[in-house]
Every structure is written in C-alpha cells, then in structure tokens.
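These notes concern the structure reproduced below.
Labels run A, B, C, D and E following the written order; every chain starts at residue 1.
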C-alpha cells in the first residue's frame, strides 16, 4: 500500500511534540465546550444574590461572581461560546478568504480591485474596525462573528493569494492548461487543494486570534450580549472587583490563555509539518 | 506541403513592475521573444538552443498557447491558435502536449500517478480506465505498480517519465519538451533522451526540444534553431549547423562546449572562439544586431540595423551581415 | 608532504528519518599546484567532501565519524573554529556553485572582498582597497575600481563567479576549492571561468580542487581525477588515463551516456536504475544494482580501491580481477 | 528610490479614500447618536432633538457626507462634537502620547524580541532556545487586557511600585513618564516581543543556512562578523516587515491598554468617540490614524531600500 | 448666624449681611488631586448635561442664582433680587467687585450676553419658555420680563443641572460645546487634557460673596485654599481606590461598594457616603404590547422584589425608596406607597390572567455602561420569569439605549435608567421626565394621560408651595398606580478622601472651595 501525503503528514504531526501539546490543551477546552450542558449543574445565568462573591471552594469550584452566578458554569459555557465563535470565524474565513484570495491570485483582472479593498480594510487597526462593525450591528454573538470575519478575511485572502500566485505558475498547473483544463477545473483540482497547507496553518492561528479578539471585544462591552457568558464578558463584569474578588477575572483569563496557547502550539506544529517555509502572519 | 506548425512573427513583451495607480513614469519592457518565425513539420524534431534568458522557454509556451503572444500568429494544422477560445481552443489542445524541466514542480504532489496521467483524459471526457493509463505507464517504462503511488516516491528520472506519460496520453501530434533533461543526472538523462526518441519513432509526434545542452540537442533533433535574446539567429539541419555554424554566436557556443577528452586541450583553448562578457538584459536589448556587443567580428553596420534571418545556404538560415545584407 | 591529504574520511548526517552516511572512507591527496577533479553525480558525496575539508559542514546535522583532513601538516578535523578561521582564506579559499546566493546580496562586492582582507590582518584601508581592485582586475572585471561599489545583483552570473574567485583568492591561498564552479553558468561563461581558473593557477601557483558532475569540465582542467559514486571513491587516476582507459564500470558508463558534439550514435548508453538512497545503500558495491558486469560477489562486500598501475586505482572486483 | 516613494504615496490615496468611506458609512449606521453623550443621563427628548438639530444630524445623510468631504478637500477634518475642538487638533494632542507609549513599547519589543530571537537561533535546540520560545509563546497567548489587569493587581495594588494609571508627559517629568508608562508599555510589548522573537529566530535560522553565510565562514571571518553582520543584516529585512505589522498592532493594542490605564492617547480618544458617536472625531481620527499607519508602512518600505540594495537600485 | 436666605415667593430677595466671621482657609496651598470616574468632554456648562462636566465646571462658573446645601434657591452673582408684585418681572442687582478670570469686571452686559447665548444653545432653554425678554437698564442691573407669571421660575433658574452661567460678553457667540473657559468662580482653568486630567488653579482675583460666611451648596462664601486642583480621570474603580490608598489621589468619587469594607479599616482614608445618589428606575413603555396594558404593568410592579434588585444593582449599598423624592427633601410625599415592593406573585399572576397575557415577550432595554442598570435588569428578568412573563434582555450601549427609549416602537417594554440630578433638584425637575414633552414612559399616540397632565400643570403653576406639593403627590400617585415607571430604590454612592483633607463635604458635585489640607 502506498503512503499518501495526507497520511504521512498526520503521522509526522503526531510525532511533533509541540503540536501534540497544543492539541491536548485545545482538546481540554473543546471537551469542556462540548460537554457544557452535562458537566454544569447550574444555569450560567442563574442569579443567586445571597451567594455572591464566594471564592473558589468545594461548593463552588471556581467561586461565584458579583451576582452569585456560578463561575464554573459561566466559564464552561464561555468555552463553548469561544469555540463556537472561533469555528464560525474560521469557517467564514476558509470560505471567503479562499474565494477572494483564489480569485485575486488567479485572475489578473480581479487582483488590483480586490487587493485595494483588502488593503483598505487592513489599513484599519484591527480592533477599531471590529469595534466599529459591532457598534453598527449591535452587540450579539452573530455580529461579533461577522465583525471578526470582516477583519480577518482580508488577511486570510492575502495568504491564499500569495500561495495561488505561486501555484498558478507551477508546471503541473501549466501542464493542466496545456491539456485543455478550464479555470474552474484548475482551481478546483490543483490550485486550491495545494493552497490548503498554508491556509490550514493560517486558520489555526486565526482561531486563536478570533478567540482573543472576541474576548477583547466582550471586555470592551462590544462582544456577545451579556448576560451570555463569554470569557470577555465575565472579565469585563469582574474587573471592578479585581482587587477584592480576583478570581472572577483570573479564571477565565487563564482559560483564555490556555486556549490561545493551545491553538498557537497547534498552528506552530502544523506550520512545521505542512509548510516549513511559511512565515508567521499577523 | 504544409507544415504542422507555423509561427509567424511571434512577439512576447512583458511590462515590468506595478506602475502604481497613475502609472508614474514609463515601465520597462522585457522583450522575452522579439519576432520569431519558424515552422515544424509533422513527426520532425526541432531543437531549440540558447543560453539562459534568451527566451526559448517563452517561445515554447507561445507555440502551444500557454501564453498569449503580444504579436504574431501560430498556425497549427491550418488553424490560427491565437484566435481560438473556449471549446475550440480546448479541442486544439488535444493535439499538443508539453513536458517540463522540473521533475518536482511538474507533478501535483497530492495526486497519485494514475490520477496525474489520467487527468488529460478526464478533461476531454475520454474513457479513462485503468488499462489505458497502465498501458501508457508501461510505454514510458514505469511498472504497473507505479499507478497507485505518489510523485514524491519516485526519483527524478521516473518523475520525468510520469510527465511524459501525461503529455502523450492524448496522443498529441506536437510535443513541446522544455528542458526535459536539464535537471537530471547524466546517467539518468540518457535514459530519458532515449525514451523520447523511441516514443517519437513509435507515435510520429513532432517535437520542439528546448535545451541549453548542445550535445543533447544535437543528439535528438532533426533541425536546430539557435536563439539569442529573443530572436532566432541561426537555423539549420543539425549536421550542417554543428559542422559548419555560420553565425558568430553559434560558432562561439559550439566552441565553448568542452570536449570529452583531455587530449589536445591546450590547443583547443588556444584557438577557441571567445565571446566577451555576458548576455545583456532582455530589458535593454542592444540596437542593431543584438549580438554586436559581444561579437568578435562586429562591423559598423551591426550597430545600426538588425540583420534579418536569411537563408544563406540550402536549409541554413542566418541573421548576420557577415554573409551579406 | 602533500599540500592536502584526506585520510579515510567518513561523514554522517542525522535527520528526522534517521542517519545516513554521506561519504565513507574517502582518501584524497593533493600536491601543491595540482588540479584535482572530483567528479560524481548528485548524492555522490563530492560536495560533502569539499565542505568537510573547511569544517563547513552544516552542524549539528553533519558529523565527521572517522578519518581526518591534514592541510600543510595541520590536522583540520576537530580543530577549533578559532584556529580554523585563520586557515580559511589565507590557507584555503573556496567558491561555490551558485554565485548569486553565495555572495551576500546587501553588501557591495568591494566590501565583501576587503572585509576578508581585514579579517586576516590587513589593517590599512587603502591597501585593502587596492588589493581588492587588483584582484578584480586579475579575474577579468573591467574598470574594477569603479565596480567596487556594485552590489551582486548588478552583476551577471559570470561576473559574480569571477568576484567569488577574486574573494577566495584575495588572501593568496595555497589551495582553492571550487565546488561546481560552472554548473549554474551558461556554456560560454563556463569556458571563461575555466580559462580563468587555469590562468590563475599558472600565475599564483595554487592547487585547485575542482568538484563537478560534468566530465567535460574535468577533461578541460583537471590533472588528476577522482570519480565518486554513492559516497565512495570508485576510481582515481591521471586525467588522460581516465578518459583513455576508464576502469570502473561506472566511469565507463558515465562517459558513455554523455552526448557529445561529434558522436553520431543513434542511441546513448543509459545507465539503468537510479542512484541509491543514502539511507538504504546495498551491502556490497553500491553500483552493483545498475552494473552490467555484476556478479554475486559484488553484493557480498564493498570492494576496496585497488591499484591498477602506479597512478591508477579502482574499486571493482571485476576490473581488477580481469 | 524617490520614484518608489512617489509610487507608494500614490497607491495610498485610494486606500485612504476607501478608509474614509468605510468609516463614514460605519459611523452613520451605528444606532444612537452623540446627543445621548452630550445630554447625559437625564436627557429629555426635547433636549435631544435640540442637539440633533444643532449638530445638523437631522439633515439627509448625503448632505452630511457632502459637507464632510467638502471640508476634507479643504483640509478641514471638522470639529469634534463632544470635545468642541477641531478633530485635527484633538488628534494631534493625543498623538504624542500614543506615539511615546508605542515607541517605548517598540523599543522594549525590539531589544528583547530581537535579542531573544537571535540568541534562540544561535543556541538552537538548547534550553536557552526552549526558554526563549516558551516565553514568546506565552507572550502571544496572553490577552493584553488580562495582562494589564494582572499588572495593576500585582505591581500597583499589591506591591505599590507603580501608579495604577494616568499619564505624565515626558516633557513634564521624565521620571513620571517612566513610572506611568512602564506597565502599559510592557503589557503592550509582550505580545509583540513574542511575535518578533519567533520571527527573528526563524529568520535567523534560515539566514544562517544561506550560502552567503557559508561564504563568510569560508573566508575566515570571525564569528561576530558572520552572525552580526552577514546574517543579522539580511535577517533585518523580514524582521522589518514584522516591525511594520507590530506598529499597527501597537495602535490596535493601545485601544485596550489606554482605556485600562487611563492614558489619554489616540486609542482612548477613538474608542470613546465611537462609543459617544462623535462622528467627525471618528471619521477624521480614523483617517489620520490610518494615514499614519500607511506612512509607517511607507517608512518600512523605504527602510527596505536602505537595508536592501536590490530594492534601492531597482531599475 | 447663618445668612443663607431662602427666596421668598413674593417680594424682595436680599442676601442679609454677614455678621459672623467669614470662612478663612486654615492652610493655603498644596495641590489636590481628585479621582474622577468619567471622562470629561467639554467644559461648556451651558450645553453639557453630564456629571463629569459639572464636577469641574461648577467650580469655575457661577450664575445669578444657585442652590444651597439643602437645595434651596439662593443668590450667587446677584446681590439682590426683586420680584414684581404681578410676578411679571424680576430685577437682579449684581454683586459689586466681581471680576472674570480675565480680570474684566462683571457688568449686566455680560449677563445679557450669557442669557442670550443660553437662549440659543443652552440645553435647558425651555426654562425661558415663559420669559418675554431681558434687559440691562444699567451696568449693575439686570431685568427679566415674563410673558405670564410662573411661580416656579426662580426654582427652575437656580437649578444646577444646566445652569445659566455668566460668562464675559465676548463669549456670546461661542458655538455649542466650545464655550471659552472664563468664569467668575474661585477656580480658573489651568490646563485641560481631555481623557486624562483637568487642572484648575486658584483665582486670586476672586471676590467672595460676603452675604455668607460659609460655603453652602454651590454658593455662599467660597474660598480657594489649594494652589491647584487636578481632576484626574481614573475610570477603573479598583484603580481609584488603589490611588486613594497610596495617596496618589487625595479624594475620589464612586468607591466600589466591594472596596468600602476594606477602606473602613484604613485610618488614612475618610469614607463619605452620599445617600440617595440616584433613583434606580425602570420606565415602562405604555405603547408597546404587552406593556400597553396597565394590568401587565401592574403585574410587573406587583412581583418585583426591590431588595434583591437593589442589592444586585449596588452590590448592597442602597436604601429602599418609593416615589420620586427622598425622605429628607421638602417635596417628599407618601402617595402611592403601597404599589412599591409588593413581592406579590399571586396578585401579579391574577393581573396577567385578567390582561390575557399569553407569553408575549417583554423586552428589558438596558445597557452595559452602567452596571447598576444592567444588574437591575438581570434581576428583574429573573423575577418576571418566575411568574411566567417572557422577559427578554436587550443589552446595548448607553447612547443606543437612550435613542431607543425615545422611540416607542423600537422594540422595548422596560427601559432601565437612573435619575440622579433631577430628584436632587426637587420634584419639579424630576417630574419633567414624566410630563410632556419629555415623558419617558411613551404615552400612546403621544396622548398623555390627562390626569398626569393636570397634575403637572398644577405642580408648575399653582401659586403656593403647599398647593404645588399636593399636586406632586397626586402626580406621583397616578404614575405609580398606573405603573408608568418602576422606581426600584435609591443608590448610595460613596466618595472618599484622605484623612488629611478637611472641608470636603460630600455633595452631588465635588466642591473644591473651602477644602484644605490639615497638615
């Protein structure tokens, strides 16, 4: 049996120590997110004014916040939301970033106009653009996803475009042209599949950025609508109690850090294995 | 008799640099191919030699319309390729194949050998069963077991065989081989050259064989064209060309090839025709004869006007004033 | 005493997929003023041999397993970087295959030549400059003084290789190692570079180690030749003898598969198969699987180099036996 | 090089035009208007209506757009609704603060980031490398607002070493500036240190593999010249690209950091302008900031030309 | 003897001579830093209605009239005021010797110009609705002519919410938000860095009002003791507390409740609680179903548990308070008391059933910028859900919520807010929220409840104080019984200063005059 490149890649990934560490960290968060309804007994929005500001203890694993809500429930459900948002942003980027990048890189006539729009969107400081968009659309989970997608799609498109520009000139693509293949076929069978490696790497980092930026937006009060428990929301609400009840910000903060670090390690591993020459993109 | 392929006044110029929104200043023009006419008969092999950057690869791509020409026409089997689009272009492409230099970049790393060889069939909606690809693989000297494997599992020579199989599966009448052996070790190179010769004899396909190695070109070609800076400067039957090169550039080129024996090397060195300096940039082609800056026998007229390619001896065309206007 | 002697050198590479022996039991000698050609196809270990002389093997991946390199009586293998550095330049100069990438793109060629002089003790700036101009003139760069400020990208391929040579010879080394010096160049340029090397050898009297895969280059410049295959030297002899009476089947096959300008063979003699993977070399003679003269004994043990005459040796049981 | 500069400047014009369209459009689409911020908690609808009329917000969008672009053509960015100052002046007042803070953070980033990256590359696969990369990984994984909060808890509240917030201009008191800027600058820098150290390491590793580095060794150059001159100078080219990105990240980061540490910079100005619906301030401020970022990138491009003769002598 | 004079309804209002020792700074000098919560945008006191502006501007600017410590109208820049017997004109005589910060003496021309500007751009210019015009017969006299008699005119005029501050005549045409910062107060502007700090310095040319011997409210005998006062913007509550603890800040506003306990043990800090900072309130939308049905609103009213709501809103620092005035105010009435804090789920369910409520969503419009409003909404949601009301949260930012609240059809049923300055100013100012044209409860088809209208007219126009107070009582009763709004209780805000600060008396707006360091 022949060794397909995909299988070989997976084998090499599983031998990559950092990748495995990152995967493990991320899996912890994924499992928390997936099992949220079963591992939390208390509704994350359930108020219990009389039990407010309880530090972590046997009764409340992660303690309670200023309204007596269980931080365990809130952070676990927050994990779920972070993962949801990350997945959504990644999917949107994978679709539209690839589309824009592939069109721009493959068709010369489309390149200049698309890249000008790209440049303009990338010229904004990312967080300000995200703030602007969520402010327009109103804070909600969907709108945060949309804002993050708008902020990051140009960046993804750039990366896809860069690989497409190279792939377009590859001799196997030329061979397909010479054999009479149309644009659609070439994009579908040669260009896009081969642009996937850098894209996957980018998307894993993007997942981290999305989680991080969502938390920042929520922290600034522009993320998912409270009382939806997101890590950023929890920290935003907890920041005024940071001295007396530091656990409110510390617990989601550390979880956020673990998630982002897991994803970054994952991305590093993917980059090392899939695309060793790929540079870090911001 | 009509030739299989007829190129008339082919020109390919590139604008270099973005130029910005307002196109500030003029953008330099890279003249990759600058007025080439040639023809290839059915079943014939035309060798195309020249140093790097002379435009031979670009010319090869223009002939099978991998690139659209800036000017000029390519008549293939009576059809003007440059005017074709869509379905008719696709149809014309059935009759043409191409083999590239880089055995690593020419095969999609994600596809199995079978998928690679089969792709042209799929493109043209032809029967693409296992037997057909297996037969093709066998023809290029690969074992049947190769079909299920991936390109990275093969050596350079074997990869080149896969590329040849892909190029020939549609049974084209014209094949462009763009430096097909330059990247290979000599011991492997000979096998590929032999394979191409065998296949050509068997399939009757006409070939444009591009290479910088004069020995290989001599070995495989019927006729040879020498390119310099976007132009064909000499074209002749291979025996004539190697035995009696007329253009000073061809002479220098042949003289520079080391002989495969140390015997008499001191004498060879002493009488070798040398050309000074290096090939100029295709963005700054000298006026007049483009070779005059390096030509050991340049005359004043060479600086003024560009000599046309003229048939000075039977079957031997030269673009040089040494043999008259 | 030889200028350079490589004695039973074995170098191994470590990689993700395991260990591989790049060269094995390689011994070479080079006399002052002599040009030794090392010829071989890719993966034969010829470049590794060159790099290991200078201690330039990529560390920590590559490692000298055994053997040693002696230059003018000093053992270079295992020598500290600090002492080695004083031999690089004044003792041994080196040029490489890709003159584009071997020159630093962001420094002027003048700077790159003079810094070599400075590193080897020339304190006087004007003197360094003069010497750089002199060297550039010597390698055939016209109006050298004006070109000192040029950057590599402003030069043609041939000029870059000339600059590399000027740089390598700036400190007047006794040995020049030229690793595939003309492979990246066009044939007309190649001829010029080979002429230059021969001229400079004449003028400066240094020895040259030329490494190439091109038999033509060997025929053009070498005094003596070593043929390498799969990490080992398979034949060694004076150049005339090698071309006249190639002994090893590999050498013979190699000469047979090069198309030349004057042969009218219908078919070239191809060597079947491919070079062995350095990680999975056969136990016996590495060429045996591709060899037309192969017998069972070939696969039993690696044949050692055995003399065929006073100056000729080959590693083949068939040739030597017959 | 002058030509290159002109080309890039011309290329920036459509980008900035698009930026202005986007920011104008975004702002007008945001629900709520500046009257709420002016009228405060106890605004009556009548007050709000008066304010809207006064600000011309009751006019059609097109009229407002024409007015804004008309002013823009004359170099007038308008006047902040909330601050009552000209947008240009308010921005210019805040700019030095953000610039000083960013410069501080950038200086820390460059020194620590490049230093750690080079060290890690030279000691590849040793504990030095692993420690540096671990810290870098931590840097790119800790949200800067979280870090800022932790800093306040530890260094300001817990240890009392540094003030909790506020800002003292360097010109007023260098020591005060140092005290007030250190925590925000470090919390801003950490992410970028991580980025830069990683990039520097991988770039250095790549550059060290280059043929010209081998040439430099083959010439017998001492190690400090091989690494410090031949390798690092070439590594600076990709590093410069990242520094350009970092400047943009610093501006982004300042939005959160300035809010957290009560620093009167551009980030805080624009955030409060967005939240207060100060249309002219957001439009003009964003335009100025992006123009500045475009300029920074232009500077980076020019820096390439300085670093890389291949660009300097292009054509 | 205290010399504060309450303005009589009729007749001449004078400031009686100051007999006792006037206040004298025990210690002059020093630099005082105040930690302020919110950013200051403009210092234009005529066009800004934010507390942050007032915090600073009220130390710089003065008006003809203002309020004393107990919120009674008093004279400030006016030396005397005479009201005509027909109530159709008021004659103010300016206090002599008053100079602007630019050194120019105050004349009636400046007053005319200031009033002119206010009538054009002043936010609360509806206080001039009943005014026919004003004039300056001589340099020190200023006369206001009324269209009709308005007994509450002086009460409105003396409001410190958006007062008609007196500025030099040349500032007459300063555009909104751009009033030059030249006033007559004891403090003048030294430096303003928006987003960071504002520094005021002592105005040495200040002439105190000798009719008083002490500071009272925003008026009285004011003296600047510090060399300068800096209002530092410190938005993080924790950072303000930390600044106070380290001595970086000499006084702060809005100490988080959670920090109060800790600060109690700190001998270097004085806690200064300000009871009744604002009324935490929900405004019903009487247009939008289902809250257009009075029974649904009453059901909501019936079920609310105010202790829980206020506890969550304030982290525990609150006082239960029904209605729209505080017990210590003269306007305080007890009407409608039984509508408050009923915690009666059965009654609520019954009302819902009567109204035919079928689970239509009740949208609670709140914002994240004010956590007390946000937290109150969270608790209300839970309480409503408990009786089967489908309560949904709509959380937006403050400007959006304000804009939405002003449109009845923008999809909300209860708007969460806080009424601060107006209740402090008195019933008249407060009830303006509920009477046209400022009615926040969104009357259906803009047809106001006639009973509310009638009561409002009486509150404004009845000649005597007692009559007006009775009218307020009626109004409060109607509003509460018909559940137009849901007052939850009053929030306590804690200010604090370092122990060595004297004279810093908690007040809605920090007053920097007559405050000094003891060491």
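Going forward, a residue touches a chain if its C-beta (ideal position, glycine included) is under 8 Å from a C-beta of that chain, and two chains touch if they have at least 3 such contacts.
Predicted model only: the values in this text are computed from it and were never measured.
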**OP:** Go through the assembly and pull out the chains touching chain D as well as chain E.
**Re:** A
Subject >> Chain whose averaged C-alpha position falls nearest the assembly-wide average >> reply: D
Original post:
Per the centroid of Cα atoms for each chain, what is the distance between chain A and chain B, given in Å?
Top reply: 48
Subject >> Chain centre separation in whole Å, for chain E relative to chain C (CA means) >> reply: 91
**OP:** Report, in whole Å, the distance between the mean C-alpha point of chain C and the mean C-alpha point of chain D.
**Re:** 52
**OP:** Averaged over CA atoms, how far is the centre of chain B from the centre of chain E? Could you give it in whole Å?
**Re:** 88
**OP:** Any chance you could list the residues of chain A touching two or more other chains?
**Re:** 135, 138, 239, 242-243
Original post:
Residues of chain D that touch two or more other chains: which are they?
Top reply: 14, 30-31, 152, 157, 259, 275
Subject >> Residues within chain C bordering two or more other chains >> reply: none
Subject >> chain A to chain B touching residues, read off their complex >> reply: 2-6, 170-172, 174-182, 185, 189-190, 193-194
Subject >> Sites on chain E touched by chain D in the complex >> reply: 39, 41-42, 44, 47-51, 121, 123-126, 161, 175-178, 193-197, 232-236, 238-239, 242-243, 246, 248, 278, 369, 396-404, 406, 417-422, 432-433, 437-438, 440
Subject >> chain A-touching residues of chain B, taken from the complex the two chains share >> reply: 61, 64, 66, 89-91, 93-94, 96-98, 100-102, 105-110, 112, 116, 119-120, 123-124, 148-150, 152-153, 163, 166-167, 170
**OP:** Sort out for me which residues of chain D touch chain E in the complex.
**Re:** 30-48, 50-51, 54, 79, 81-85, 90, 93-94, 97, 152, 156-157, 160, 163-167, 259-260, 262-265, 268-269, 272, 275-277
Subject >> Contact footprint of chain D on chain A as seen in their complex >> reply: 116-117, 119-121, 123-128, 131-133, 135-136, 138, 208, 212, 215-216, 219-220, 235, 239, 242-243, 246, 249-250, 253, 256-257, 260-261, 264-265, 268, 279-280, 282
